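One chain, chain A, links the two complexes that follow: it is found with chain B in the first and with chain C in the second.
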Partner chain A sequence: MFDLFSDIFTYRDNALARIDPRAKLAIALAALVAVVTAERIVLPLCVFGLCLGTVVGLRIPAKLIAVRLAAPLSIVAVLVVLQTFLTGATPIFAFTLAGWEFTAKAEGLRQGMLLGARVLGAVSVVFLLSVVTPAHRIFQALRWFRLSRNWLEIAVLMYRYIFVLMESAADLAAAQKLRLGYTTKGRALRSFTALAGATIVHSLEQAERTHNAMRLRGYRGVMPFGPLPALGRRDRMILAFCLAGIASARLLEWGAGR
Partner chain B sequence: MIMHRRKKSARIRRVAAVIATAGILTALPAPAFAMHISEGILPAPWALFWYAVALPFVAWGLRDLRRRSEELLWFKPFVSLVGAAVFLISCMPIPVPTAGTCSHPAGTGLAAILIGPGLTVVVASIALTLQALFLAHGGLTTLGANIVSMGVAGAYVGYGAYLVARHLGLPWAVAAFLAGLLSDWATYAMTSLELAAALHGDGSFSAMLSLILLAFVPTQLPLGILEGFICAGALKFVRSRKPELIRATAAGGAA
Partner chain C sequence: MKAISATGVHFTYDDGTEALSGIDFHVEEGEFIAILGSNGSGKTTLINLLVGLIKARAGRIMIGGQAIGELSAEELYQRVGLVFQNPNDQLFAATVEEDCAFGPRNLNLPEAEVQQRVTESLSAVAALPLRGRAIHHLSFGEQKRVSLAGVMAMRPSVLILDEPTAGLDPAGEAQMMQLLKKLNREEGLTVILATHSVDMLPLFANRIYVLDQGRVLQEGPSEEIFCHQEMIDRAKLRLPYISRLMYEMKRHDGVPIDGLPLTIGEAREQLLELIPKELIIAGMGEKRP
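Presenting the complex of A and B:
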């Protein structure tokens, strides 16, 4: 869970990590819009291949990639099946299973595959963004884009304290297991609710300590966000090149569909 | 006669599809991340529509946060830490006996009791953003829809159930159980509605909605009940260990 959720891989030095977070966010959002509005599977699949190839090239552990993609891949499978058998009119094939008739339809299969490709493309864009940009840099960039200061303050504190609470919850869960807290279903439920309650209590105590520490460091109700310098020439060029590339790809796809 | 056969055949197809979908959903690897709509599923107009629905609720929650943090300087760290705890609880896998898989509680019912529904929407929006960015769970394009289902529907239904149950004189443990149970089911009902609205295509909306709702039943029916027990159990633990803390929360007056 820690490795899966943490941004430890973003601290590796590479060309993508060095790009300004505002440029990366803008590129990622443009890519997401292009993928979600795509009318054919080619563009989303190209984005998926490009992002996945980059993630592999950055030497992100295969296990992390597999875990992060497991849920979206399962959803893709369900979507293709649902759309194939529930929507459309032109039958492709039919079969009977245990007395029930299944008819796959061409339009449904096409729609299911498009939806699946969009999911893969969009998930891979966000995955790539998250392995080359630390969380605090993303929040800093979001502040630059004028996102609510209060929302970002809560987000920064939440992200920081999730890991603190995670460690204490893991210790508690290990202690419960050692004391045979999960041997029967009833015991497991009692242990789990105690674990949840203890995590809440711990969080409230930690909140008091955190507030005192923040007050000692001059906190007066507003957390400062470090200013970001103006976009450098290199970042501006990368941003312009990537946005032009995404727009061209989307226009090409739109033209091919007409 | 032919019409009757066609209707029967369509009904059989729907039932078969329900069973097939339920089978696929329950066979997913643990933990089953069925709670949030994945990145890229919603077409752009629907994604924008759900953002438009979610934004006023988030703005309302932020207004509440600003007002209360001006009065109480410790309020922002308090909300953040409760949010972090609820986020963590919502990531803990719990086995769902009927499905044979693991799923996870939503935690919005518990959060709504502790910090109120308005702030729960804010915390849920942050949790969903973090999950989309770092867990590939949910998504940035589907964030609006997920905020509406988990934050808005889950928090307001859970908090409403808690208040109504307390108003009716039910014990706080029963009220907390109902809050957990109904917030979980409301989240899934809303998620089903969002998916059916976006994905029914040229097919029937009601058929798609009932299909998705039925597909969620094997995991979400028992999970909702488990969530009710977890909500009541966690609140009981907090009340017994730190009763003074519960007085500072949204449920302070009622719990």
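Presenting the complex of A and C:
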């Protein structure tokens, strides 16, 4: 559970970590647009392979990669199955299950694979960004993109208190386990419900205490953020080079489709 | 001049619980004051009143000679800073630097001044190497020091701490108390701490207020407070362990101890006077300053 949110690897020093977060965010956004608008599966799969290869090259543990990719991979599987059996006209194969006849269709399979590739490509871009940039630096970069201050303020607080509430929930869950709270399905359901309720109550109490602490340090409804330095020459060059590369790849893909 | 003065303060919670009744609490500038009391004695309520988080139902609270209600939030929080018991309550930014800069930026200070305050406050609590670290990667002791730095960056003249040593290991506890002593003696900060941990207080506190059920049971220097065993029992507190040992030796074994030593140093001096010199082997002990 904790691995899903662990950001310990973002503090490792490497070439990607040293790039200005604004440049990384702009590159990631461009890659996302290219992947999501791709008309064939080659570009998204290339992006997926490149990002995954980089993540492995950065020696991110396989377990963390598996945990973070588990949910998107499940979505991809469901997408491919649904599209294959629900859309299209040219049958590939058919079978009967519990009196229902299912027919896989070529157009549906193609569409499902394209959607799946887009999801994988997009998720891998965000995953790579998240292992080379600490969350607070992404928030700083988002300010550069003129994102709403209120949204950013909430995001900063959410990110900070996810870890506090997770610790509190983990302690509660351990206390429940030690008193046999998860020995049967019924007990597990009751224990989990109680855990969820207690965590909500804790979060409300925590919010009140934090608000008091903020007031005591001059908070008046707007969280102050420090100034952003100008984007360095090296980072501008990296940004230009990567954006040109992404645009070329997208144009190439578009041209190949014509 | 009085840094803080509370006279005849009453506070009742909405559910009818009378938390404070007729409290008189006065602190001179540069003093190191301890508010001692068991759980539910009213320590935290008193602290919350002193920093304006809640308003007294009756009585008068003055900060630096001005009524608390007359001060704007900006003025008040540059005079009084509160360090919460649980550092997670007040460390809300993602990194140490961002958290320490929160207060100065709210004061609309120029960025150079903000950075200078961050450096100074982190240096004061020996946490400068933590500057770029994420808050959730810090140990509990580090979080405690960083939360203190965040408040110090507001440059208050009065520092109030709610159970500053709660949850710390013995080394961390000693380090925190030494740090507070340094801030008090060298930086001239007025320090008020609420605690029920008694062992270190005689070493640091100029005066102690003992609270019980929302009232001040007694107020005075450590030696005056801890010689009233009955009052200490009534407040559901205890003597420092070393004092308890000496008290029992005096009461049960008839050891002729003068007064009641409150620190290991005082107890050692008294015991050395009682031990015949021929029993002390020369050169065996480490010399103490």
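Following the convention adopted for this analysis, the second predicted complex is superposed on the first by the 244 of 258 C-alpha atoms of A that agree within 3 Å, B and C clash if a C-alpha of one lies under 4 Å from a C-alpha of the other, contacts with A are read in each partner's own complex, and residues count from 1 in each chain.
Just so we're on the same page, a residue touches a chain if its C-beta (ideal position, glycine included) is under 8 Å from a C-beta of that chain, and two chains touch if they have at least 3 such contacts.
Here the structure is a predicted model, which means the values were calculated and not measured.
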Contacts of A:19 with chain B and chain C, given as first, second, both or neither: neither
Contacts of A:227 with chain B and chain C, given as first, second, both or neither: second
First (chain B), second (chain C), both or neither touched by A:83: first
Chain B versus chain C as contact partner of A:47, first or second or both or neither: neither
First, second, both or neither for A:217, with chain B first and chain C second: second
First, second, both or neither for A:135, with chain B first and chain C second: both
Touch count on chain A, higher of chain B and chain C: B
Which superposed partner A:189 touches (first chain B, second chain C, both, neither): first
Which superposed partner A:109 touches (first chain B, second chain C, both, neither): neither
First, second, both or neither for A:11, with chain B first and chain C second: second
Chain A positions touched by chain B in one structure and by chain C in the second: 7, 135, 157, 159, 161, 164, 206, 210, 214-215, 219-220, 223
Of all residues in chain C, those that touch chain A in their complex: 51, 53, 73-74, 77, 81-82, 84, 86, 88-95, 98, 101-103, 105-107, 111, 114, 134-137, 150-151, 154
Chain A-touching residues of chain B, taken from the complex the two chains share: 9, 12-13, 15-17, 19-21, 24-25, 28-29, 33, 38-44, 47, 58, 62, 65-66, 69-70, 73-74, 76-89, 91-92, 94-95, 97, 110, 114, 122-123, 125-127, 129-130, 132-137, 139-141, 199-203, 207-208, 211, 226, 229-230, 232-238, 241-242, 245
Contact set on chain A toward chain C in their complex: 7-8, 11, 134-136, 139, 156-157, 159-161, 163-164, 206, 209-210, 212-220, 223-227
Footprint of chain B on chain A - complex, ascending: 1, 4-7, 29, 32-33, 35-37, 44, 68-72, 74-75, 77-79, 81-83, 85-89, 97, 100-103, 107-108, 111, 115, 118-123, 126-127, 129-130, 135, 138, 148, 150-151, 153-155, 157-159, 161-162, 164-166, 169, 185, 188-190, 192-208, 210-211, 214-215, 219-221, 223
